[in-house]
């Protein structure tokens, strides 16, 4: 049965987000992920203050050195401070997934809501197009798009976003289909709500949970994709550094400087791990709500 | 029977439609590209007349839609045109590269199926035990590591330190099973890692879900337990999400192989594609993307049909 | 209440002061407490009560199939002379399906969708009697016939989704009785079905009970069903057994105010467009059971200081009729009016 | 060198082990007239012999032509062909075959036609005698005939138009199989100059990724491969050998002098002064990149010693900064570079150096084809890449690049065309070098837009115990 | 007689609705389920019409047609004499104010992300009847009307019990002052004690506000408790229809008889004496309805004619209609 015992809440309008957030913060892993991601964003914003040195200052003489008191995480192939570059690269690690997933959301969310709620022929056609796009491997599609419009981080991430869009479309459509079966959508229609109102006021908040889960997972995947594309030479614009491009160069010289891959690799892997775990946590937390 | 045939027929028609859509997307996407196929063909020192000749030869002076239809017409007959660079038939080029890629992906699929399912099922059955924790940790880690990094680590460990496998290259199966296998083991592992992790996660989730189903309660109430329960009730039912994952991951796998082929210098489809992309060798890129899409569509078709084998409800 | 020595020989099941706790990470919740009843061979006992009062948990406890977080914290469950609260898990599996069978609420999801109906019916014979697949399969066909499914041979090879809800429940009953258990536990077997189909299933159960000496523990919340099939009724309220009586007596002279209220709130054909009596308030959820009578907040006869303190003991009202109410007395028929 | 050749002479021609060779690019065609790029000359050389042979320093020696002579006015060239040479299809090489080659080379289909534009006609004046008539003095012609333009293929295959995939030349190796990633060449026992040809076959594998190529060497899938200088330490640690083969190529910064800011010679000079050539040589060049202001290494025939004495190589950040501050404050540039690791690194260093003198720059790594297209269209500000001034001829390279931009008609110095014309008057390398040196110097004086960073040798890494590798060429290589 | 016949509020004539099968049912692809098959119905002011039938008989579909939540395939629907069967979504706004519905599942019918107050007052917002600022007050008023503790209006559904949710749903449907309330199994998900509360509430609302109620349920007892008229549906058709007491006491259709006999009565004495009519066979799949009388395969009284004649619903007096050859004979002619 329902939580009849739940105490009366103090009056005031509750929207759902803070509740989810509160639940996340009650979750042990959720708390860790949240703190980690917040820190990451802060580091990105305040990179100039956090970074000990100029990330672009080259010192060819002291290239490829291990950790020292001057360079805590050593130097790269042009003698630049790895720690500072990692800190600056956080900006890309934060930005790139947001750009990619942002585009995916912009394209996939409204269309998914529409197709899930309205069905019909247009929705079928949209589904077909999504299927077609989904049968092109993400990396391959990104490469093809980059081939068509040129490389660079923004294009690459937009390409990734474009590739994610049909995935998101499917998820949103599926969730919306479920939601549309629910009585409250009927109820909203039966009181004469416009389609737009039903979709935005009732469908959207209720597909938010799977959407957030997916966004979290996709952000992780966007980071991974950025790394892969960097490896293939389709990544950031130099002399900017991304974790992916740094890992690529470090991994290539891992025989000379075995230490070099560690800091970057860890940053990348741990962040992706956290994003994936965060997705799981959101899923758990929102599933709890349903069961309650 | 008739309904079953028409069911398959409908699926097939849908698949063909999907592929056609992909062909449209691919063809027109690459039209956005800067530079012109003719520029590329004639190279640095060409005169404008030479450029015009090349354009006419490539049919680039005709309207786009005609170009598309011509291309599609060729494709239907297995003719993807000639590479702008090697002037060899695109189909031949891809055909030559296919075995390496296929070997790697298929073996990776197999590895992922075996290890992913085993680990995932073990974790799901021993939920909240140390097995579960270890598998979950490895699975999340497997998903979070870029495959090229995994590949390079594998190379340094197994090719240089232990000298068990060659670091690069591919030996066709005609060279013998031994050389073939030794060349593809490392790339397969690098490629399979993320997939196994995903499969393990799904398998675990599937098992956990199935364990909570009322029919499990009913089966246990009949006295079924232990291995009997797992074999007869759990695995079969948990297979559905796992098979789905294979369908969904087919595309990811074929994308991942591009990176892995670069790391291990394997002359597969991915290498051909990357080279073609970098050289703006459009006919090759188009054919490649289309081919991969067809493979993905076919895999999904197989997955769809295998549902019937697992889930009798879809069988009819 | 009774020592094991006093258990009559034809007692199939004796539940004595059963207590079930939910052991969460932080807290211990008492879900079911002080539930005692017996089921004798050939008898149908109904376990009724509102949603969440612990009927299903009690049934699962008897099967040794409690959810992971819930454990038996006290009392005993003696099944065919064996205290299952002490039995090992292998022993429990051996008892399930052979000594005790079970049918659950939702027939559709209680059948494994990937296995033929015949295989599922044959499963317990293969497990407990070691029959070969073929012999057990033959027996499954007979069983399907027994539960009234036409064309049983073809139906045995079908998959659950090809059955209608009623047929699925029939098949599940066939699977549950395949090894001729001494007790069948049916947890709301007809709730998900139409009344017409419900009638069929009840008919089938009565028919089966008539043929064998099998006892039935029927979990339900439908008083009409109880009236139709049960010999004795155990009424549960908020995790406790509130009243226990032979069916006729319970309906004729309920001794617990809750039972009375429950009985009067049933809409009846013929008594139209009149306000129905209602029980005000809510069932207290587990964890916040009040001291004393658990029905006190909703009861019109609550006596402060009597109903509100200490555990209320079960009282005998008549032969085989007991009630957990301070007003219940042996003077049969002098219950306070509503 | 001789001792290496001695080491191999014990092997009968075409009986040595297969040489497995790793490269970062594969030829897209085997037709020298349509390949459009000089980078594949190595593989072409296995199939085709040229009329004239050139070594890595550009010194010309006889090959299919035994003798050639430029007329005194430079307007015609007489050539004597070698007797007894056969093509791989068995047909005979003679003046008639050569003429049909040139008919094709100078046709519309051919991409070398441009560089042969001054040739008016080619005639067979005897069975083995050839006469080239020209519209301007052709001092560069012998050099051209040592390159793609001089590769002779069988008239039959020319007529069939099949050279692209089934090339038939007069070289020591026949084409074997061609696939996406590998081309094989097998020894042809009809070769006229079989002495010292060692491998029974050559397998050229295409591995784009530098690290993967090195890995392949380390784990024994390749015998020899082109590499990055910065990979030498790792290779040495793995017990591989490394070879530095001089080449007529240079790491360079190319500026578009029609762009605002860059149109100022002082800014261009400042950029040159900003570049830390020593640092680059140390880190990226592994110390083997020769630092010079001209795009030719000091062994190359077109190298002009007098330029080395001039102060063009000054590294003076302060002065450069002052120049920029004065002439182009707030200059910000986009550097184009091929998306190949070494050029990207190079571009990054240049970017860093520019930032020190107050020029902010971004690096845009694009693929090689794009880069070529854009640079031919003049659609760039700055390019960091490897230039190939030795191909097809230094003079024609300079006449193309010592302009403000490839689409401009204006030379950096109006005298440059005169000096270059002078270099065509004679075939004598010394005389030609002097004339070219004058042009180079004039460009440098004018604040060149072709800033040479350093001139690297080709770096090759090879399996331990490899002998006979001296000149970008596998034909003398003996694999242990 | 010269009494003025008050025209009914809602009149449905020969409503029909088909679905493509395969999604919800176990039909083969491309077959059609005629979920509602020429159903005619009248709802008068202050009346309760009960609709009973087994699962899948088309009750909910009929409900959704009557509220215009589904497009009508054929037939007509009049509201206060005006045809609303062809109106587009935008034109339905005023109809929506007058015809409201309550859903079966109190857990699904409220948006889990919105408070009870939001649910109750959303109709006012949609129809521009109230300003945002006054909504909390309106919500509390509405809560009073359905006897819901006003302190609960700021809770979200997962903090409410089933009965409380159902009250919220009822309050929402009342907020626009409807003339007709369609209640699709309003109590089937509720416990016995809560069920009485909701039934009492519906009864009270009807008596006080003159609401017309269409009550859909598979529970005959519930329906007969509240209804003036009862319609019995079987496989998309109304097979019997009439005043509630007549149906309860002297039903004619064999299906109604079986249905009634199967309803468990909470009285052991009655149960012992009662003869249950157990129907033969299975309910036919709705995409393969038998020829002739659709009930004949399960009918204990089936005759030879039943296989060929599809009996129409005919008046047999006293407002009682039945579609069975036993009672109407083989007649020709349409539905009266």
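In order of appearance the chains are A, B, C, D and E, and numbering begins at 1 in each one.
Everything that follows uses one rule, which is that a residue touches a chain if its C-beta (ideal position, glycine included) is under 8 Å from a C-beta of that chain, and two chains touch if they have at least 3 such contacts.
Keep in mind that this is a model prediction, so the values were computed, not measured.
Asks: If every step must land on a chain the current one touches, say how few steps get you from chain B to chain D.
Replies: Shortest path length, in steps: 1.
Asks: Comparing centres built from CA atoms, which chain ends up most distant from chain E?
Replies: That would be chain D.
Asks: Could you please state the distance in Å, as a whole number, between where the Cα atoms of chain A are centred and where those of chain E are centred?
Replies: Averaging C-alpha atoms per chain gives centres 48 Å apart.
Asks: Compute the distance, rounded to whole Å, between the mean C-alpha positions of chain C and chain D.
Replies: 92
Asks: Please compute the C-alpha centroid of chain B, do the same for chain C, then give the distance between them in whole Å.
Replies: 53
Asks: Give me the residues of chain A that touch two or more other chains.
Replies: 1, 4, 150, 233, 251-252, 255
Asks: Could you list the positions in chain E whose residues touch two or more of the other chains?
Replies: Residues 161 of chain E touch two or more partner chains.
Asks: Which residues does chain D have that touch at least 2 chains other than itself?
Replies: 211, 238, 339, 367, 370
Asks: In the complex of these two chains, what residues of chain D are touching chain B?
Replies: Listed in rising order, the residues of chain D that touch chain B are 26, 28-29, 35-37, 108-109, 111-115, 164-165, 178-182, 205-209, 211-213, 215-216, 218-221, 238, 339, 367-370, 372-373, 376.
Asks: Using the touch definition from the top, list the residues of chain A that touch chain D in their complex.
Replies: For this pair, the touching residues of chain A are 56-58, 60-61, 63, 77-79, 150-152, 233-234, 237-239, 249, 251-253, 255-256.
Asks: Touching chain E in the complex: which residues of chain C?
Replies: For this pair, the touching residues of chain C are 50-51, 150, 161-162, 164-167, 194-200, 203, 221-228, 247-248, 251, 261-263, 265-273, 275-279, 282.
Asks: Which part of chain E faces chain A closely enough to touch in the complex?
Replies: 64, 67, 69, 89, 92-93, 96-97, 100-101, 103-105, 108-115, 119, 122-123, 126-127, 136, 151-152, 154-156, 158-162, 165, 169, 172-173, 176
Asks: Would you tell me which residues of chain D are touching chain A in their complex?
Replies: For chain D paired with chain A, touching residues are 210-211, 230, 233-234, 237-238, 276, 279-280, 282-283, 337, 339-341, 344-345, 347-349, 351-353, 355, 362-367, 370.
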